[in-house]
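Below you'll find a set of structures to go through.
You will see subunit A twice below: alongside subunit B first, and alongside subunit C after that.
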Partner chain A sequence: MPTVYVNDKPVEIGTQKLNCVQAAELAGQFVPHYCWHEALSVVASCRMCLVEVGDVNPKDGVLTMQPKVVPGCQTPVRDGTTIVTGDYEKRDASVPARPYDANYLKVGPPGTRAKKAQADTLEGLLINHPLDCPVCDKAGECKLQDFSFKYGRSESRMVDVKNTPANKPGLSSKITLFTDRCIMCTRCVRFTREISGTAELMVNGRGHHEEIDTFPGRPLENKLAGNVVDLCPVGALGSKDFLYKQRVWYLKESSGVCSGCSTGCSIHVDSNKDIVYRLRARTNPEAQGHFICDEGRYGYHFANSTERLQRPMAKADGALKPAPWNVVTPQLKQAFAKAATDNAKSVIGVLSPFLTVEEAFLFATYFKGLSADVRLVLGPVPVVGQDDKYPKDVKGNAVEPTKFVIRAEKCPNRRGVEAILKHFQGSVIPLASATTGITAAWFAGGYPDKAAVDVAGWKSPALLVVQDIFATPLSADATFVLPATTSFEKDGTYVNHAGLAQTFVRSVKPPTEIRTELQLAFDMLGRKGLVQAAAIRAELAKAVPFFAGLAAKELPTNGVRFELPTV
Partner chain B sequence: MPIPESDVTWVAEARLGFWEQLYIPSMLDGLKTTIGHIFSPQVKTEQYPEQEPKMPANYRGVHRLNRDHDNRVKCVACYMCATACPAHCIDIVAAPAPTEWKDREKYPETFVIDELRCIYCGMCEEACPVDAIELTTLYDLTGLSREEMIFDKEKLLSVFDQTTKAGTDPVRTRAGRLGAASDAPPGT
Partner chain C sequence: MPYEPILLARINKPNSGKLEGYRADGGYATFERALKELQPAQVTTQVKDSGLRGRGGAGFPTGLKWTFLPQNHPGPIYLCVNADESEPCTYNNRILMEKDPHQVIEGIMLSCYAIKSKCAYFYVRYEYGDSFRSMQSAVDELYAAKLLGKNILGSGFDLDIVVHRGAGAYICGEETGLIESLEGKRAWPRIKPPFPAVEGAFRKPTIVNNVETMACVTQIMKRGNEWFKSLGVPPDPKNPRDAGSYGPKLYTLAGHVEKPICVELPMGVTIRELVEKHGGGVWKGRKAKAVNPGGLSMGFVDVNAPLKGEDGKTEYDIPLDFNGPGRVQCLGLGTAAVTVIDDQTSMVDVLHNVCQFFSHESCGQCTPCREGTGWMLKIVDRLRRGQGRKEDLDILVDVADRIGIMPGTTICGLSDGAGWPVKTAIRKFRAEFEAAIKSGAKSQYARSLEVVGAH
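Now for the complex of A and B:
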């Protein structure tokens, strides 16, 4: 097996094509870098990943180290490659040292060159970088801050005036550029050229006067533009949506799954005091890769909306009036038990594709428990336009190979809910075929977008329970209106378009009087005790063979892929 | 982390002699000081509140928000004070600065200190990179309700006006300038 030595530690790389940064990572050694990104092309311009590299001569087996430092991101490794990073002195001393040649050791112990090169690089980057960390939104998660602290010098020898180019708030409607903070890693430029393909960004000027800019009259407006803020290692590109809202060290990060479309992107949900402030992409090669779209990124505001349904309501004297849960739940139980005894065939339970599989499972168990004749129906599935594929060319046509897809199906869990429906009644009944002859209906699960609740041809029955995030025309007809939770407010599992099941955890508490769908279904089933999504998940894995893969206590962070039955 | 034995120094309690075990000499010694004060001409009782004491300049009383040379609030809403505050009594809402403020990008839309929650430790003052928040020598803070004791930006700025006008608390640090975080590099 090809073996690479990182700070003397041997690591087998197999058949992978790796550069020094990746090989070092395999060996558990972090090499700092700014411009290099796994998903983007290599430019080796930031010079932060400088390492000392040597190779074994295949003829005589002698290790010769190169006399200068080389950028690790641009240097591929092969069998016998020896990498020495600036952190050599912190290596595991129990591993025998490589046979370094005397010429190489003349400068000092291994790692001397790389360490000095990193400190020099940081001093160079800080020549023009303003030290306005207290007012910079990136402070706390800034790579320049972190690396300066870890690898840099504590003092600057700079005596001249710093360049202070003007800020560019007009770069995009969603993004602002603090030009003076930029360290010219060009990640953003490469992103717009390689991933979105829209190529709005460019480097203007030369040398110390280089600036990121857009072409005249063509601002940075594409559906993936928000990713450049995540990519920016310093505080140069800022999201206007998040600008000055919170300092990052106040934010609590949790792993979520985007509910915007059926791609089911892995996301970081950043919240503070039960308010979601920011969504960021979480790298997951199984789901979407490194990026997320702007629709998902900025699509969390509905959760903080004041227009949300805040408490359960029951119709009395023709008007909806607030009613506490302890009154509503027994009423609902009684009403549905009666409707199922009278005519079970005319009772339907509508399961929204925004429900998690655990919730759908409990609701299905409840409805089928009333009577086997109660029909389970898949709720409206919002579809907007066509799948939007990236990268695009100048004319806006998708180019192969596709690197990112924003799906037309704007719900996260249609396949998961369908799998539940198929398990309970063998087929999926769409809402359109179950609109007549209904005496009782329950719409479970809410829609973030009011317009998505499309129930054309629907005639409201005498007993109608509507659970939703916002009031809709449908909820105006309802006998009972129940508030629903957003995906940030519950634990659960979504199954994406490709059958990837991803679990996510609660990031924020729902508003005081809102109960999660899981809790509600639990109460309707008359179960006692604490509702735990993980326990329901284990129960689901046992009951539904299709979901047997969810039985493990700790699911991999990238999710579990299922072979889905074609529906 | 456990402390290594080599770093520990054991100190034995001093053994008391016969006279010390009696305690009477020590008591007499203490009484001498007490009685001495009755007749001492140096010790004076301060006639508070008729006579107000002058506090030392480093006394930690009510906060104020300093103004800069253009009479704007000096604070740049960096949240360093709120982060440093052990009592969590500072609440700031930041916003982009008005466009005519050329020297900064961010300013506090609201700045609220709960003076009842505050423990007057002075960490906010130490944390501030632009010397915007200072503790004054105002020590007699009273109020009739809890709401009254929650100081907003205007109130804190008025403390600045009041204390600088009265001359009790001149601006101690780098008057008017934004401070180290926004300084031009040396030599300019």
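Now for the complex of A and C:
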């Protein structure tokens, strides 16, 4: 088995083709880097990942270390490669040392060169970097701050005037560039060339007067542009949406799944005091890779909207009036039990593709519990245009190999809800084929976009329960209007277009008078106790064979695949 | 007996730049003979055996470089001729291009035949307008005479030469920077390996050679290896890795000399002989203080510093071959462009000029070079304004020492070249710098920098 030694510690790399940064990570040794990114081409220009490397001569088995530093990101490892990082002195001393040659040890113990070179690089980066951390949005999650603290020197020898190029707020409608903070890692430039393919960004100028810039009249406007902010290791590229809203150390980070389309991108949800402030891509090779689209990234504002339905309402004297849950819940129970007894076939439960599988399961259990003849219907599935594939060429045509897809199906969990429907009644009934002869209907689960509630040909029955995030023409007809929660406000599981089931946790509490769909279904079933998504998930895994993979108590962070990947 | 120039033999002859004139001097006969009588491999072998080392600066053996091309490659293979002669005070290629373009082109044709290339790119720097025009008209003449194009002289050998004019950047002289620029990109040097011989222009095997190397190829194929090896310095028997410094070399003289000229001499002439004999000595009757043996990036020679182990000799007496400058802590022979600095010039001003150049020309890709060259300029600028501090000298040496491919902190050698003059100047003339700092005198050339907002 090919073995690589990282600070003397052997680590088996198998058949993987790795560079020194990746091999060191396998051995549990972090090598700091700026320009290198797994999804982008290697430029080896930031010179932060400098390490010392040596190879074993296959003929005589002698280890010869190179008497200089090399960039770890562009140095491949093979069997016997010995990597010494700047952190060598913090190694596990119980591991026997490699037979380093005397010539290599002339300048000092292993790691001397790398440690000095990394500190030198940081000194270089700080030469023209303003020390405006107190007013910089990136402070707290800035790689220059972190690495300077960990690998740099505490004092600066620079006494001259720093370069202060002008900022570029006009870089993009959504992104601003603090030019002086840029460390020229060119991640953003490579992103627009290699992932989005739109190539808006470039490097202008030369030497220490270099700047990131756009071409005249061609601002950074593409549907993936927001990723350059995530990619920027320093505070140079700032999202105008998030700028000066929060200091990052106040933010609570939780793992979510984007509900914007059926790709189901893994995201970080950053919130503070139950307000979502920012969404960022969470790397998940199973779902979408390293990036997310701008629709998803900036698509959280609906959750903070003041227009949201805030409390349950019941129609009385032809007008909707607020009614407390403890009044509404028994009324609903009674009304639906009666409707099912009168004519079960004319009762439908409409399950939105925005429901989690746990919620859909409980609702389905409730409706089918009223009578086996109650029909379960799949709610409107919003589809906008065609799948949008990246990278694109100059003319805007998609280029193979596809690296990112924004899907036309603008809901996160059609596959999951359909699986529930199939389990309970063998087939999926679309809403369009269940619009007539209805006496009672319940629309469960809300839509972030009002326009997505497309109920053409629908005739509202006498008993209509509409649960949604916003008031819609449909909810105006309703006998009961119930507020719905957003995906940030609940625990649950979504199944994406490729059959990948990802669980996510609640990031923020819903507004005070809103109950989650899961709680509501739980109450309708008359169950007692505390509702827990994980418990329902275990129940679901047992009851529905399709979801048997969800039985584990803790699911892998990258999700569980039910079918072969189709990405 | 004075040396009779070979490479420069035709300079200033009537019609020297025209095909007609070149033909009259026996031009292209060598190429025609090679085409008829020699196999490509034989040409490669002859160039390899001649001991010709690249004239561009690094002195890599030319024939050896050609053998690095993948065997039996289906092609295309490209030859790029590096005429981006941007090293300060260097103009030896320019003379060849302007006055005797056909000698260079014949070398290109021979080289392309040897490496089985059907297309050569001649990358000439933007500032060399005359060179561009003379090369272009020479190439046009050859197409008209059917010496370029398809099936040359019925031999089945095709060759196109494209004269490409750069946009003006020092870094385009770095071979992979040149290739990137040729491809229409920003001239950011590539990470090596892969070396251009494996993956170069348009991701195909590519050989990059200097203009003067091409002229040498012409003469080697014309006159043979014995002639070539009769000139210059044989390898040092004590150093098994030394490939020797054979052949003629164009030396250019610039700076404070009476007669700034380009002379052709066998390798190994001393700086003293070059300046005193061929350059007419230091100007205005002054004495030399420092000499730049081969372009700015090679560092400085202290004319008055005694040479270790050789009585009575100073650094002024080092031979200008591939090994000589290295003996006095210079980077190498470089472009063999000798720049003389007289004893009335302040080294602080000289260093400022040097730092300004490299900071302006750093491509900005690697952090150590981008920030290091800029920082060195800022420090030296402050020294020049009389606001230096004692510790500045140590900082300069520290920064100069840590940037470059040698310590492993950059992709290309530009910053080795940026660091070398700084550290040699400070190490060899430290007393002068210290005195300048102590006196606090402002250089007569110093302008104050415009005030920028404090940060």
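Operating definition for what follows: the second predicted complex is superposed on the first by the 563 of 567 C-alpha atoms of A that agree within 3 Å, B and C clash if a C-alpha of one lies under 4 Å from a C-alpha of the other, contacts with A are read in each partner's own complex, and residues count from 1 in each chain.
Note that a contact is a pair of C-beta atoms (placed from the backbone, for glycine too) under 8 Å apart; a residue touches a chain by one contact, two chains touch by 3 or more.
All values reported here derive from a predicted model rather than from experimental measurement.
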{"item": "Touched partner set for A:Q22, first subunit B, second subunit C, both or neither", "value": "neither"}
{"item": "Partner chain in contact with A:S45 - subunit B first, subunit C second, else both or neither", "value": "second"}
{"item": "Subunit B versus subunit C as contact partner of A:E210, first or second or both or neither", "value": "second"}
{"item": "Chain touching more of subunit A, residue-wise (subunit B, subunit C)", "value": "C"}
{"item": "Touching partner for A:T485 - first (subunit B), second (subunit C), both, neither", "value": "neither"}
{"item": "Partner chain(s) touched by A:P134 [first = subunit B, second = subunit C, both, neither]", "value": "first"}
{"item": "Which superposed partner A:R247 touches (first subunit B, second subunit C, both, neither)", "value": "first"}
{"item": "First, second, both or neither for A:S475, with subunit B first and subunit C second", "value": "neither"}
{"item": "Contacts of A:S239 with subunit B and subunit C, given as first, second, both or neither", "value": "neither"}
{"item": "Residues on subunit A lying within both footprints (that of subunit B and that of subunit C)", "value": "131-132, 158-162"}
{"item": "For the subunit A and subunit C complex, residues of the former touching the latter", "value": "42-48, 50, 66, 68-70, 74, 113, 116-117, 120-121, 124-125, 127-128, 130-132, 157-164, 180, 183-184, 203, 205-210"}
{"item": "In the complex, subunit A residues that touch subunit B", "value": "131-135, 156, 158-162, 167, 178, 243-245, 247, 249-250"}
{"item": "Contact set on subunit B toward subunit A in their complex", "value": "76-80, 83, 94-96, 104-106, 129-130, 181-182, 184-188"}
{"item": "Residue numbers on subunit C that touch subunit A, as the complex places them", "value": "169, 186, 191, 359-368, 370-375, 378-379, 381-382, 389, 391, 395, 402, 406-411, 449, 451-455"}
